[in-house]
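These are the structures, in structure tokens.
Same chain, two partners: chain A is paired with chain B first, then with chain C.
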Partner chain A sequence: MSSLALRARKVSARQPILLILLTLLFVLAVRQPEFYDPASLLAFLKRAAPLVILAAGQYFVIVAGDFDLSVGSLVTAEVVIAARLIDGDPSMTWPVIAIMIGFGLVVGLANGLITTLLHVPSFITTLGMYLILVGAVYTWTGGSPRGALTEQFRMLGRNSIGIVPYAVLILACVATIALLLMRSDFGKTLLATGDNPRTARLSGVPVVRARVIAFILSAVFAAVAAILLGGFGGVSFQVGAGLEFSAITAVVLGGVALGGGRGTVTAAMLGALTLEVLFTLLNVLGVSGALKSAVQGLIIIAAVAIGARRSRS
Partner chain B sequence: MLQLRGVGKSFLGVQVLQDVDLELAAGEVHAVVGENGAGKSTLMKIASGVYHPDAGTVRWLGRDVSFRDPRQAQAAGIGIIHQEFNLLADRTVAQNVFLGREPLRRGLVDTAAMNERTASLLASIGEESLSPQAIVGRLGVAQQQVTEIVKALSLDARMLIMDEPTAALADHEVELLYGLVRRLKARGMGILYVSHRLKEVFDLTDRITVLKDGRRVTTVDTSSITADGLVRHMVGRELSHYYPPKSAEAGQERLTLQGAGNNRLHDISLALHAGQVLGICGLQGSGRSALARAIFGVDAFTRGNVHLDGASIRLSSPRQAIRAGIAYITEDRKAEGLTAQQSVLDNAMLATRALSPRWFATAGRTLKARELLAAVEVHAASEEQEVRYLSGGNQQKVILARWLALTPRVLLFDEPTRGIDVGAKAAIHDLIRKLASEGAAVLMISSDLPELLGMSDRLAVMRDGRIAGELPGTADEETVMRLATGASS
Partner chain C sequence: MKLREHGVWGALGLTLIVGGILVYADGGSLFTQSSTVSLLQRAAGLGIVAIGQTLAILAGSLDLSVAYVISLTSLIAAETMDGSSGMIVPAIIAVLGVSAGIGLLNGLLITKLKINAFIATLGVGLLIKGYLEQGYAGPAGSVPTSFQRLGYDRIGPVPLSVLLMLAVAGVAWIVLNRTRFGHHLIAVGGDLDVARLSGVRTDWVLIRTHIICSVCAGIAGLYLASRLGAGAPRVGSEGGYDLESIAAVVLGGTVLAGGRGGVTGTVGGVALLAAIDGIFNQLAVDPFFKQVVRGVVIVAAVAIYAMSLRRKAPGKVATA
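What follows is the complex of A and B.
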């Protein structure tokens, strides 16, 4: 028992986010035991999947020392584009999904190249990209979304194999890819780049390439999240609104340092789960959903403040 | 007017200055000379109120003083002209001179009065040709220096500290500075003149104080000493440290530079031989690090030829240089050598991973990194410890392990033992010699002249971005210093 306690302490020292998540899950278990029915638990994971995927993508960018503020509007753009291109035609489903991934790739590449080669701070690059995507989508659709998604497309967000939703399977795939990437040499050099880009360059790391790949990963992950979100809900300009901040909050909550070089992708994804559990709990406790963004704001400030305190000591 | 008596200062337990006396009379130009790290800057910072001495007294105009900060020293009449100017590039000369103390009229800046007063100050030192309304950023370095001097004069400076005033000046501008210094002297200004360049010291100054290892060696009248004698005072010390035996003979030419240059370096021709250590000496700013960085492709050569083992190469990035078999151990470990928050093992494997990335970790490479860390004798609590918690010597060993994993043919060491304790220093010296004896060509830069003489098979002395001369490894400090300072013998 004492060795178990010791291990728990060790884990919580390395991953404090796990402690927070377990605490929240405990409170939830007390207040709403039915949360732990397999079906409801899987439904929760399905709902959480897009944010966890976005957080994983955002992690690559943040750990390399940058930000990606464009993912929210990218999600919106992807869904709106998909609806217009598919326009109810089932045969278009898979080609359009390929186009969505391709579009994510292009946006990520643009973010990465502008940030690295033109030396525009990523904060500005991706803020600009955010506005460009919003404006482009409004213009292209003439102000309101057109077309419709097919049932096949929505299946990915809505349906299940047996009791396991597709979304949860996709999440598992994406999480596995993210974990493998960070265990690979690419992941290690990305951490080194975020820690000290000068050292990384002088040690032979292709720093520009690494940072560009991080942006591409973030945008492609956003495209995957868009596929799931398109299935969950309707086609609207609101579908991706605010997701960039939720993703950054999740990553920071996971203890990943802004400025790069510190933190794990597991913690970033746990951060996203924690955020979703917290929202569920607030809902259960009857706190108004209107407070959601205020809570996020508090969390992001507190998490960064605590992180700064820890790195100083 | 200024008297320092028995001044001492230490930082973090290291005695930087000890029992130093210095006296400056009105109308005197007094040189302070010494090797890199002799304590010149610290002494100037004490005189100008930046540092507080731990021991000794500072008398200024006949009274004991203890300046709280540089502003107080300034107000008392001690001006300092730093190597790096403190000027706002987008403002005019007059605005810079009166920055923060602008003459006011009805609460607004009285531009006319400000320009007028600046003009008369300029006239008083024979610099009428400089307009008070000129934008500082568009001026040459020499005129910016004049602006700094006028700023000091506007504060009624009675003495000036000039730190390497000619470092950034072109040859013809140096002449103009000479004239200015002489006019200031004629007005009764006392000037402390810090310079590496012995020619200026002999041209301009009345007395010379020589510092060495934080102590005053001597103070002499400039007219009573020769350049050779001065150099002897600057270097005179006994070699006592043990260095590994030097190599018997040179192997083949590994890396050859022919007429290589870029914006910092001119007409560099050098050869690095397998099995040998080539020491690069030179004063700060002589282009030593620029040479290593150019070879490594950081600020690449734009002219000339580079051959590696007989094949012509052109390297424009560190990555290419590493691929070609070159390693660079940087001068500033923290800024350019470490990824401080990553583990010892990750730091040791960084170059390997960067050059041949794999999807899955292979046991073989990790094992090799571990072996190398053990071979260079890194002492860490664990290989997972963040490298920032290691001592300087251990950090340097981790960086060495990083490069050894790639078995480089050419190694460039820039100040490899700076900030490292004596024990680790000897270990690193041995490692460098071992690498050379195994066939690598080594280039070693160091400000520590005895170290360089102890380690090098051959020496190249740099001055102003050029090779001032090559010497055998048996050369003595005086010969090196004469070449490095340009004091012709």
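What follows is the complex of A and C.
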């Protein structure tokens, strides 16, 4: 009975975002039927993969009641670091990818430990980390990115097996991991922590460990997104700019409450997908790129206002 | 409590002494007039925004739209004036009106539609950003030389802009400490439900707070227009005024969750950031490295505040 009630609640939490997504997909089908060719659909998923991965990572942090404002700068830092370390040498590709994941781990661990053990609000911790990463990367490279990525590295972002891009396979892996994590004991711990940290702590939930792991997951997922984004485009300081707010927007759009304890990781990833579909649709409709952010602003305000109304009634 | 209110001034004194010695040992001088003046002028813009942000944070809210409000109002100011001194007053009225309107919108979204302040002000910021990107490719309008005096004149060694910031701070201090609205604001930030049950019209308090916060950003927009001589569509976001103003507020000892802190600390926080900038400039440290130090200083300061708070009230651990 209780699992049935839980399931019903889960579906209702997912419903609004599914409704928005399906509506947008329907409009796309009318205006641009070619969008549904397997090749262009896969190309869309490839483009959307980094944001969906970032949203999944941000979900862990938000559902535990925190924020991660450092992911955008982390993506930039990772790409710049990769280019400098690889410096065109193919034999360095895999070691550097390992270093990128490792760097993400360290940044996430630092965010988590400072937030939990030193009791610094995560907003401030990750804002500080954002300043530190941006400053450090500029200092290290002297103001402009150096080095180059190899073809092997870019392959992950660019190439495909058959018609399926690597990026989509990586997205599928990350999504599966995220879903399995939320079904595990860790997922329940995380939800309990975000719902009421005090109650969770008093009932013996390892609150500190759960929050630290959430930050690590967010940062490692950002490293994965950086690997894909590095493959998509050139090396610049702008790769990750603003991604933290896009990821948070996506998660909130999925109906996950800021402050923690509510919402599913599926909904968060659907939120990211919805944002990307929305941008595609705006392109198709010929809305200029400049208005993109205005529409994003309207959508997020509207979605959250509707969500707040539903939760009150 | 004491550390929270005065700690930042102690840190500022210590930074100036240590920095002064380092710079002196390096063969320079920290207090050359020209470098001090330019630092103070840069700090004034951030200070005015941060004072408004202090009120929002004290009330348990926050405002992420300020950076775009600054850009927008700098354009409104420069385009309304369009080089003529006679249009200064209408321009100021237009800027104050528009920024108050944006604050009203923020406040209404937060109180009436129950949207989280982070999302509401981020959304409004994105709306303004879209408008700016759609309408402007670069600087527009022009400011008459008489208005540029706001940005460049000084009385003795003190720039006019610093006096403007101190005046804004003074008004904010009086509002917070000497008016009923100020007490209500602190009560709302301390505990919204308790304030409501005690008869405070919490919605109205939050709306007014957001209007004040946006108007402060509008004043900063006017100031930046006078500095630049024109309106600039990206001056606010490139300056990072949204996150930096929040950083200055918490550096000054105001608690992010609301209810505790004040404008005095914020002015100290802005001054501390400016002092670090000045010392590093004089020592010719890599300008990007300053950013790293800022990040460390902000996190460390909040960690120290949190530690002292827990020592005062064991068992009452503040989360998020």
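Please note the rule applied: the second predicted complex is superposed on the first by the 299 of 313 C-alpha atoms of A that agree within 3 Å, B and C clash if a C-alpha of one lies under 4 Å from a C-alpha of the other, contacts with A are read in each partner's own complex, and residues count from 1 in each chain.
Criterion: contacts are C-beta pairs under 8 Å (C-beta built on N, C-alpha and C of every residue); 3 or more make two chains touch, one makes a residue touch a chain.
Every value quoted in this text rests on a predicted model; they were computed, and no experiment measured them.
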Message: For A:Leu275, using the defined touch cut-off, is the partner it touches chain B, chain C, both, or neither? Pick first, second, both or neither.
response: neither
Query: When the two structures are overlaid on chain A, which partner does A:Leu298 contact: first (chain B), second (chain C), both, or neither?
result: second
Query: In the superposed arrangement, does A:Ile53 touch chain B (first), chain C (second), both or neither?
result: neither
- prompt: First (chain B), second (chain C), both or neither: which does A:Leu202 touch?
  reply: first
- prompt: In the superposed arrangement, does A:Arg262 touch chain B (first), chain C (second), both or neither?
  reply: first
- prompt: For A:Lys188, is the partner it touches chain B (first), chain C (second), both, or none of the two (neither)?
  reply: first
- prompt: More residues of chain A are touched by which chain, chain B or chain C?
  reply: C
Query: Where does A:Ala136 make contact in the superposed view: on chain B (first), on chain C (second), on both, or on neither?
result: second
Query: Once the two structures are fitted together, what part of chain A is touched by chain B and by chain C alike?
result: 198
Message: Applying the document's contact rule, which stretches of chain A touch chain B when the two form their complex?
response: 180, 183-186, 188-189, 191-192, 195-196, 198-206, 261-262
Message: Applying the document's contact rule, which stretches of chain B touch chain A when the two form their complex?
response: 296, 298, 318-319, 322-323, 328, 330, 335-342, 346, 349-351, 353-355, 357-361, 402
- line: Within their complex, chain C touches chain A through residues 109, 113-116, 118-120, 122-127, 129-131, 133-134, 243, 246-247, 250, 256-257, 286, 288-296, 298-299, 302-303, 306-307, 310, 317-320
- line: chain C partner, complex, touching residues on chain A are 65-66, 69, 114, 118-125, 127-132, 134-136, 138-139, 143, 197-198, 245, 248-249, 252, 258-259, 288-298, 300-301, 304-305, 308-309, 312
